[in-house]
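Lettered A, B, C, D, E, F, G and H in written order, each chain numbered from 1.
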């Protein structure tokens, strides 16, 4: 079984989940090395950009992993999502510059989610895909609006941006590839049970 | 990395070796089908969109090449054999000649990159029994699919279920759809269904558990289980349920093959499909998909 | 007069008997081709229009289903195999592997009612020798075509000629085209050509007559004639000339079969076709057309 | 953020206010044009692709909606007025009636998101003088474009040049194209051209510098410069050169307006365009593009 | 008989004189509409087919140019303004702003030769009152249509009726449809309806005759009649009934003009049309069609 | 008012109808001349090929006329058909050669009607349009089937053809152009009444 | 061998051609019968509407026949035309009503030829297909223009119509089916020779 | 004038370029703050993800900036590229896993460049877009091939990947928006000259 762990924001919590469930996960020392793949008790742990976890699972290059709903939706990933985690929750929001005109141009790291949102609202607008610092786009008048994740809302306050609309509630989930789920039921069910029990204990 | 000319999405020529490989596979399937006394039919590569409209959601419709013909009708290039077969047969079906055992083969062409950029040409070969709603027919098709899924190096796995279970539960509360699709209990699921849904998700559900909700399905699954009992290739996954059943009405199964346990075939029962084309006839079939990129 | 559903122009499903008939015919051809050590290739059912643009006059182009794909490119459904084969092979051709003996089969779909309302689905099966410009290749293909044209009840008739004769005459005066097309001398034909054109029309022309105008063609036709001499199935019709030669460059032949003497196949040499797709290679081929309405 | 229904790429309805705004702008243009004794023509919203084929590279062609009509011809929705005007006028042009002063207006619809996802509906209104290759005509059109570019709060900037300069240099070495496009000297530029290209890039080039390479263009630009001399709105940018001149043959200009210095119009001379449609006639024109999203 | 280039079915350019004529006509209409305080909206030249599907029978659908866009959606070129207006307005309608008085203009393009080979480009200009189901609105629109139908040399004739009469009769027996369409009593018409149908066919029917079958329509027609009484341009033809009412729900009228008594406009009430696009709003409108071939 | 009379088969009966209704119609002597248009009491009588009557009425070149349903259907003529006549009835039929194979090729003078019939039956077949002697096509193996009017059935019997299907019952009708009907109600209604009364008397 | 003879205008000249070439053709007495097919010395003579000759030959239901170029073109018949006859020549013309407006509507018995002519001239116009008395259409204002054969020009003069344009020179031809020509060269060549010789004698 | 500086890999070199050209650029201390926009002598300096520089310049939200050719190509940015820098050069390459099969699936951060490359080679293949650690995709068998930038080639060596093809030579460039270039020639030319002189000195 190969499990994909998202690097960055969610990495420690993700590893914690599996450690708590009694899995022998890579240690901090392991991670100091340049290695990206670790074998422990017959399980392969791989560390990839958070946005790539759904890609690895969808293509069967990983059997399971932990990913935020934002990335799951943006990749239209069809994997099962048997566990939703209580940590790392945030919101996908439509944010406007101060005194923004009607929305005709919006910057985002999530073009697919944004397009679906705009179409559901019947709004004609140009989507400008960006790689980062999305709020900056509104501050610098690249676009009047942006779609991005809002956790603390800090940046939004600092730049006096306006939260116009909640597009989705985002939370991290355990995802399991469909074929793997169907053909390795024992393994999968055991993993899910262990993780759920650990979570209940944690509460 | 031999350079080839570019071709439209979803097609490419097969040169000598590729063609030989394709024909070998075809021959193996055709041989098996004919031994099982199935007869071949050839379905057109294009057909009108309108007759299938009620069967195809707009997302699926957009996965096929579509265009307006010289008469102004909307035409699509073949993307799914099963409904075409029903349309082609309906006018000539009559009780006297049923049941029919038929098979078909050919390319299906999809224009739209799926979610993750996959975009492949597909060769499909499938079989169907028309006009026989018996459990024997179910079992016969399951065995036939398993046999075809067997490769030199490995045994296939055939996972089966009955879509009417999910259908009946979802009929009671749409929240069930989401829970079954995600394999996770959600707040929306009504109290009366939480136990069974929880069991389905956790995989603990037994036929007895679902019987109260879908007695017929339960009965058929029992009978099928008994008929297959001896055979370890088949496993009943009561929770293996799609959000939407499409045109399937009962038994649903998938075949996984090779070391990678890749899905190579899927099928099931669609006892109401022929009605839509003017002839009532039960039907069960499956389709193997060969991916030329593999 | 069993009622069937309506299908788009140029296609329809083949039910059990029709399919069996089709497969029998295919089998006979495939068997013959493989005995003659031809290998099969599979060509795509759709392809871009642009690569073939120089080869297809707009009238012919309009006989095929054409549409704009999702990338905005103009795509057509297969209506002629020969150029597709050239395009598919060119990238991988190399002198080392030549000559190649290939065959192909499949439907061609024509959207446009021909002049007199004919409108039929066509199944084509054909063969080609790539990279061999020898007279032996010409003779081999003529024999192969004749063999395939033979039916239980009757012998075929193979009428052959060399398009470069007409081409060279027409090059001298376009009026010749009309005269040869109508089989009637016209005022426009220049004095220098009237004798030969008259002989061609009246059918008295001999190879010696045409030699001065197309020495190479004459020489090849002599050699071919000698090779075939014994065989009464073949007849040289020097006047059997199309107004336009299309992509043919030399030998051109047609096969007539059955009591009705219907044209069942046609072919010839197109030694410059492959160049257009980036690889110089001589080629000769023919295509049999099976009309499912017959 | 009033919810609107979704419309196909490149179009949307204009409700009362938007329409009023559009009509106001139209009125202002029409009034100016008529004062300058230009007459209006109305061009069709769709036309065949084939007549324009030589003028449109395949990339541009794919930016317009294209489809096959009932006769099987390839048709496109209007994406550029200038060639349509030439095609529409050619059959009726005759020396006696020239020069003509014409204007047109309407939507152009582009299907393809440009490089960075921009995708907007565009209303265009433009004017043209047909059959007058004089410098006076050039100057008249420059002034007219400037007048139309003027807004209440700001003066326009009109940047002009002559494409034949670049054309002649590129004719000598294709490396010049890249250098001028990137505004950076590249190794490929031949010695003989390095000085002039360097000057063009650095912007130091004067008309005298380019005269040796494009004497006619230089002469015209001098004359135009003299005629405009007084006027600060116009500036000659010898380096303002596109990689490809499209159908332009001489004078080329762009109008920038508003504080944002957005490009609002562009135009130039295309003295060979009418020939392609069967009538020799010099022509100069420009087109303003109004973006309804602004 | 000046030679012009060929254009796609249903379009052609308007040169200077034709354009001037067109613009003069437009100006007259726009002026009249604005005097009556109607505001203009601009509707897109293309739109998706799907939102209108329930409104358009497949025969009508095939009269418009249709094609698949880059997203795979079926798109049609504008062939009827009224439903487009409803779709465009619905999202922004609210009770507060009603009633609205709107007008629109533009080309409609029909691809399909009508039954007898007619095939013409059409310019349409029409008006509509949204959100007012009063009889005053009916009368106002009848007067407006009559005014616009008036020409220098002749008075128009406005023939009106209420489709709900036919609808209610046909609801009782479909045989009535055929009888009214042919203006001839048929065997199928049930006894209970023979008298009224006979009277409608023979033209003897009075409002009192139809009142029992369609009381509301009768009442409205009375009121309208009173309001128009004085005016000889208007005539009530109770038998002027289409087989199918399309999206019309009540008053229906046609304007005949010129010596030839040609139909120049038609309109009526469609109080349920807006609902289909998500907003309940009564509406009455008419459309004038200008044929550029006349 | 201009009335179109079909030359040939229906001509005498058609003139009889109007004469019986008291109209002053052209006499046989008139018709001996090469003239094709005759003015009588302000009514213009024109004589055209039977197949052309619906064309003249549809285009408004004639205000009314008499035409067979076969021609009305073949031209998809939208004129009103206020009177159906008892004479000249026949049937549009599908006729097959002796021992004909399944229908794949059919000759006819009525391509549009034939196409609609074939499509309604879902039959794929090639339609061969002919100008006359349609039954001959089946006799000479131009096509295995033909679609044509059958009055006496004589030709069919002579050549041992098989009547396979009735496509439509054909009868002559009085047709009146829609616009004329709507804008000249008095004239039209008077004509219809006179014709109907005459017919009833005749019975 | 089956030979198609056009009934009507060309019938006698057509039969004369073959008689002159020594063929045993049906006699006037034969033709008085209702028969349409006659066997003489192994040749089948069939009599069909002149417009149908190209149809029979194109479909192989006749091996050869005599047809006017008007019908050959209208049917886009691909048969060979080895002999052109000196008799029965006429012209396909565009004819206008007196003081006709620019052409926007044209009536004809030859819609295909007319469409090709209009397109070659780049004229947008509606084609109204008629079955007969085409000039009448211009006289009665069904259309401003008509396209029809002009032999004597009599009708045109009588109605003061204007001959605007010659579309094609029309003459009768011997037509021979392509397949028959290719597979029965002897028969075909013999027939052509005999006909040509007879014609030369006649001159 | 607003100038966009790419954060990360090129940031210091980019600032160095302008500092060397005598511009008063933000200091390290400035950059320690969370600010992303800095005004100095009438020039606005903004710091954005390297991939976003072409986006800001193309949309006119920045007048000029420094971007790698990889990002310029991937965004099909039409800005002028008046200066090419000697530092930060690398190669866009096609890289294969050990013993890779023929290319049918390729992972990359540059889908547009990759598609163009594949089409130029006429290769049919599925492109899997990733956000980072692209080589890993080949190591973990997500795809047999990847397209990515190769600087040192370190990662490639470590995982025994095979460099199959050079797609493009990549270097950072000064980019200037077209409209800005055309309407603010003085400002632009002055900047270019100062930068070029500074570079020459540096050599």
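Operating definition for what follows: a contact is a pair of C-beta atoms (placed from the backbone, for glycine too) under 8 Å apart; a residue touches a chain by one contact, two chains touch by 3 or more.
Here the structure is a predicted model, which means the values were calculated and not measured.
Interface equivalence for C-F, evaluated over A-B, D-H or A-D, points to A-D, where over half of the contact pairs coincide by residue number.
In terms of C-beta pairs in contact, D-H outnumbers the other of A-D and D-H. Computed centre separation for the pair subunit C/subunit E is 55 angstrom, with centres defined by C-alpha atoms. Taking the mean of the C-alpha atoms as each chain's centre, subunit B and subunit C sit 41 Å apart. A separation of 32 Å divides the Cα centre of subunit C from that of subunit G. Residue positions of subunit H touching 2 or more other chains: 55, 59, 122, 128-129.
Multi-chain contact residues of subunit C (touching two or more other chains) are listed as 2-7, 12, 67-68, 70-73, 91, 111-112, 116.
Only residues 102-105, 111, 119, 121-124, 126-129, 164-165 of subunit H touch subunit B when the two sit together in their complex.
On subunit C, the positions that touch subunit D within their shared complex are 50, 58, 61-63, 66-68, 71-74, 111-112. On the side of subunit E, the complex with subunit D involves touching residues 2-9, 11-16, 18-20, 22-23, 39-48, 51, 65, 67-71, 73, 75, 77, 84, 87-92, 102, 107, 109, 111-112, 277. Residue ranges on subunit F touching subunit G, taken from their complex, read 2, 7, 34, 36-37, 46, 48-52, 55-56, 59, 61-62, 128-133, 136-137, 139-142, 158. For subunit E in complex with subunit C, the touching residues are 67-68, 70-72.
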